[in-house]
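Below are two complexes that have chain A in common, paired first with chain B and then with chain C.
Right after this comes the complex of A and B.
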């Protein structure tokens, strides 16, 4: 059984992957079975999400048991989780109370983290000169500065037309060219990863 | 007319996949005997291997963050590369008291990470070491994910953080946490804006397709080296086609 199960897993995974892939190339022949398989995948993904939330609760329950009352964040998390689930069940996902919870707690916290992110990025830009003092680091930072200055009207001066034109050129020509080069590499890497899974040499599913 | 063009595009895409598949098989079964394949030096992988060894010797922990990529979508490729790295970390740390930890931002990747760790321990005959709570779903939105993963970096005796998967600019919060806890950060992602952030914030960023080369550099198997060779050849082919297309357009031959 211990040997059969991984082989069966691999056969099911490879066959499903091949049918979904063929569905993209030959929608007339494989489109129907592709839709069914993708539908199943969505249902399984939703169940995986529930499992993930259960895992999160388990991790923090274990923390409370091992670290006791000191782990206040785990206690807050578990209480919040229970309240959110109860409110979600009775009020519905788009109900007044659910939206109130989301808009009152989730949105402000995430927005404040975004603000922190802006500061972190500015600080990282300055620290980069110490970390990698190379000519391309200076070019990177100079470009960032130029794009920033060209994107917003400056205090008391307003918009500087040549800077805006330069920013526009930078973001439309060299940046797009570089990004396309990187994306080409990412796409090829994704294709290679997908093929390795389809031929069964990579088995991230317990095969 | 649109349907005909769409059919042609589908057929071309099918041929492209067949070409990639053929090249991978060629390099897997024939190329390694006939060709001398050498991998270029990527400092991030060299340092990663050294830090993994140091972590194991020092009784410290590795943290692998797999991002928010869903396997149902394009970012799934980056997440699968992350799973390969997680497997290598678990193998390398099999003698350590501290098993590696993984944080994820997607339910399916959480299950796959647990399965990867369990399979790895099973293959090493150390299944009793597997603890499902070493893999954590930390959040489902970008900021929630980052906020949930930061305590792992600070509190779990981590010396090396490996970020491999789909991330957005929120990865700066994670790399900053790594910097504050004086742990090494090796990071790669498929997202272009996050790659720019990583260049500025990470100790060892993996740019472009370097993340997908992880398996080949960490000695996962011949198929990884073969797929790297395939990528190199197809990349040159695509570059040639793009340049040819630009010349034909310049000459007015292409509409």
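Right after this comes the complex of A and C.
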């Protein structure tokens, strides 16, 4: 049984991958089974999300029972989770009480985080040159300032066209080139990983 | 009665005893006393008793004293008797003199050839052995020819030897035994350290005892056959010449302690058993031997339970040592005390700088939002890429057309993206488009519903709430979910959030794939999410020439724009950030910006100033600090 189970897992995984992949090349032949397999995967992913929520609750429950200090955050998390679930069950995911919770707590908290991030980034820009007076630090700060100057019309000054063009070039050529390079690397890694899984070399499902 | 002195311990014994009453040493079986060295000499001499015949069986060898006496030849017994006889007239003398005389008699009697001849005659077994070997006559001839031969050798070598007259004189003065004294006996005499009483020489005793031995000579001196070993021993030795004076025996030097132990001549040692003085011994007080004196107690004191002795643990130290100990204790106590951490000040310059930066950022924004001032022009649609195309695609939608809108952005980006979203939803609502709301983030349904309510309560406040939409909810599975949605939205999202089968009624009953929607609008702040939509859903839309439109954040715009600028483009329209939303609003005639653009403008301007001024100040302080450090280092 210990030998049969890993082999069966590998066969199932490789066959599923090959059928989904063939569905891209031959949608008329393998499109149907591709849709079935993808539907199964979506259901499993949804269950995994629920299981993740349950696991999160259990972890913080153990943390409350074992640790004496710094468990206030776990208590808050569990209380918030319970309240949200209860409200969602009775009010519905888009009910009035659910939207009230969402607009009152979640949206302001996330917006505030981004606002604090803006302040922190500005403070970091102030101290950066004082802590690391290197040439690449100066280059980094100069780029930041150029992009900011070209993003919006400056207060009481207005738009500076050359800076806007320079900002557009910086964001579209060097930044996108770097990002695309990263994406190409990720894509190549994904292809290699997919091939290894399809031929059974990598078995993340065990065995 | 004459007492017999023990040859071993030197104590007198009654004559009727065979063994010493003190040391149990035999008194009559052994005829002489020899030192261990002398005994070794005797044992080295091949005697008949010490060199038994090989034919003799091991069982025949004497094992007890009586058997040893039987094995002793007669001549040796006579010698023993002669050793014991002289002690009788000298019984009055002290014991050490007896020992000296006995040793002297032993030295004179045993090794002489004349004495050997007599026991050789008497001893039948030795005589028979010699007769068989035929060495008796040869020994006599050799004995007779030896002096002549030596004289001849002396004449030939020219050495002063003895003449015949001298030989005759020597023969007349000295007995044959003196001439033929074996070397081992001479060595024994020389090695003897016992001083003979009165300086008596062994030769004199020989003269005295020689007549006593004439009886044995008469019995058959001619028949005496000296054993071969005796002859060989005596032939190899050069007889001492009368001219050579006898080396007197040097008196032995007895150590003082031995002299002290030596009993005096006047003192008569009376045999008595050793008596132990137990008067001073302890009396046993415990155990089975209680009451006895001088015995080992069966109740040893080592195991007696007693109270252990107490020792004082107080250390004797001097005043100086005590002071040093106190000093060391104080030092250790100070080391063990936890040093309090320096208290952090509530407000440091870092906190102040942070507060200043925050205030400088927040105050202008608040002032601009509150004042609703509009200092500059809003962004123009022609200056923002993708806005015009987006507006054209929306305008091209037929009335009541099904539109799929994906709310895949985080609530934190609401401030940046909501203006554009509200404008687009209002335009779509004006066209009475049927909106199908989906999301790939857990917070998407609530965000979508909230926006729809805001749109209904805001832009469409004049009329009733807009209800021509359905919220299909969350699509799990990420990329797989989007692929499934593209292939079969009915399978992935069969029901709306309120539990209705929206696919069974119009207008979704005509939808079998995502390409059946008139347009797909994706609202996201994440470039990866946008890429997944483009890669998984875009191909399905391109088959039906359906537009894929994006409302995105400023940070994701650079990565989405290549899809928009591609040819053929994979993204048909794009509204990015606050500038794109305001520009799109300008195209559709939406109400004013409410000071958002000015607030963004002043906040960015302030941010630039803060970073620029702060960097300059930091460099100045750094330079000053480095100069001060250099000055401190240069100081001696």
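Worth pointing out:
The criterion applied here is as follows: the second predicted complex is superposed on the first by the 178 of 207 C-alpha atoms of A that agree within 3 Å, B and C clash if a C-alpha of one lies under 4 Å from a C-alpha of the other, contacts with A are read in each partner's own complex, and residues count from 1 in each chain.
The working rule: a residue touches a chain if its C-beta (ideal position, glycine included) is under 8 Å from a C-beta of that chain, and two chains touch if they have at least 3 such contacts.
Everything numeric here is computed off the predicted structure, so don't read it as measured data.
In the superposition on chain A, A:125 makes contact with both chain B and chain C.
Residue contacts after overlaying the shared chain place A:149 against chain C, while chain B stays out of touching range.
Look at A:110: by the touch rule set out above, it reaches both chain B and chain C. By the touch criterion stated above, A:31 is placed in contact with chain C alone, chain B being left untouched. Of the two partner chains placed by the overlay, only chain B lies in contact with A:199; chain C stays clear of it.
Residue contacts after overlaying the shared chain place A:59 against chain B, while chain C stays out of touching range.
In the overlay built on the shared chain, the residue A:93 is in contact with chain C alone; chain B does not reach it.
Applying the stated contact rule after C-alpha superposition, one finds that A:41 touches each of chain B and chain C.
When the two structures are aligned on the shared chain, A:169 is found in touch with neither chain B nor chain C. With the contact threshold set out at the top, residues 38, 41-42, 45-46, 49, 106, 110, 113-114, 123, 125, 128, 131, 179, 183 of chain A are in contact with chain B in one structure and with chain C in the other.
Chain B meets chain A in the complex at residues 10-11, 13-14, 17, 20-21, 24-25, 28, 70-72, 74, 76-78, 80-81, 83-84, 104, 106-108, 110-112, 114-116, 118-119, 132-133, 135-138, 140-141, 143-144, 146-148, 151, 169-170, 172-173, 175-176, 190, 192, 195, 197, 199-201, 203, 207-209, 211-213, 215, 221, 223-224, 227-228, 230-231, 234-235, 238. Listing the residues of chain A that touch chain C in their complex gives 31, 34-35, 38-39, 41-43, 45-46, 49, 92-94, 98-99, 102-103, 106-107, 110-111, 113-114, 118-119, 122-123, 125-131, 133, 141, 144-145, 148-149, 151-158, 171-172, 175-176, 179-180, 183. Interface residues of chain A facing chain B in the complex, by the touch rule stated above, are 21, 24-27, 38, 41-42, 44-53, 55-56, 58-59, 62, 73, 106, 109-110, 113-114, 116-117, 120-121, 123-125, 128, 131, 140, 179, 181-186, 188-197, 199, 201-202, 204-206.
Residue ranges on chain C touching chain A, taken from their complex, read 353-354, 357-358, 361, 364, 375-377, 410-415, 442-443, 445-447, 449-450, 453, 471, 473, 475-478, 480-481, 483-484, 487-488, 491-492, 497-498, 527, 531, 554, 557-559, 561-562, 579, 597-598, 600-608, 610-612, 614-615, 617-619, 621-622.
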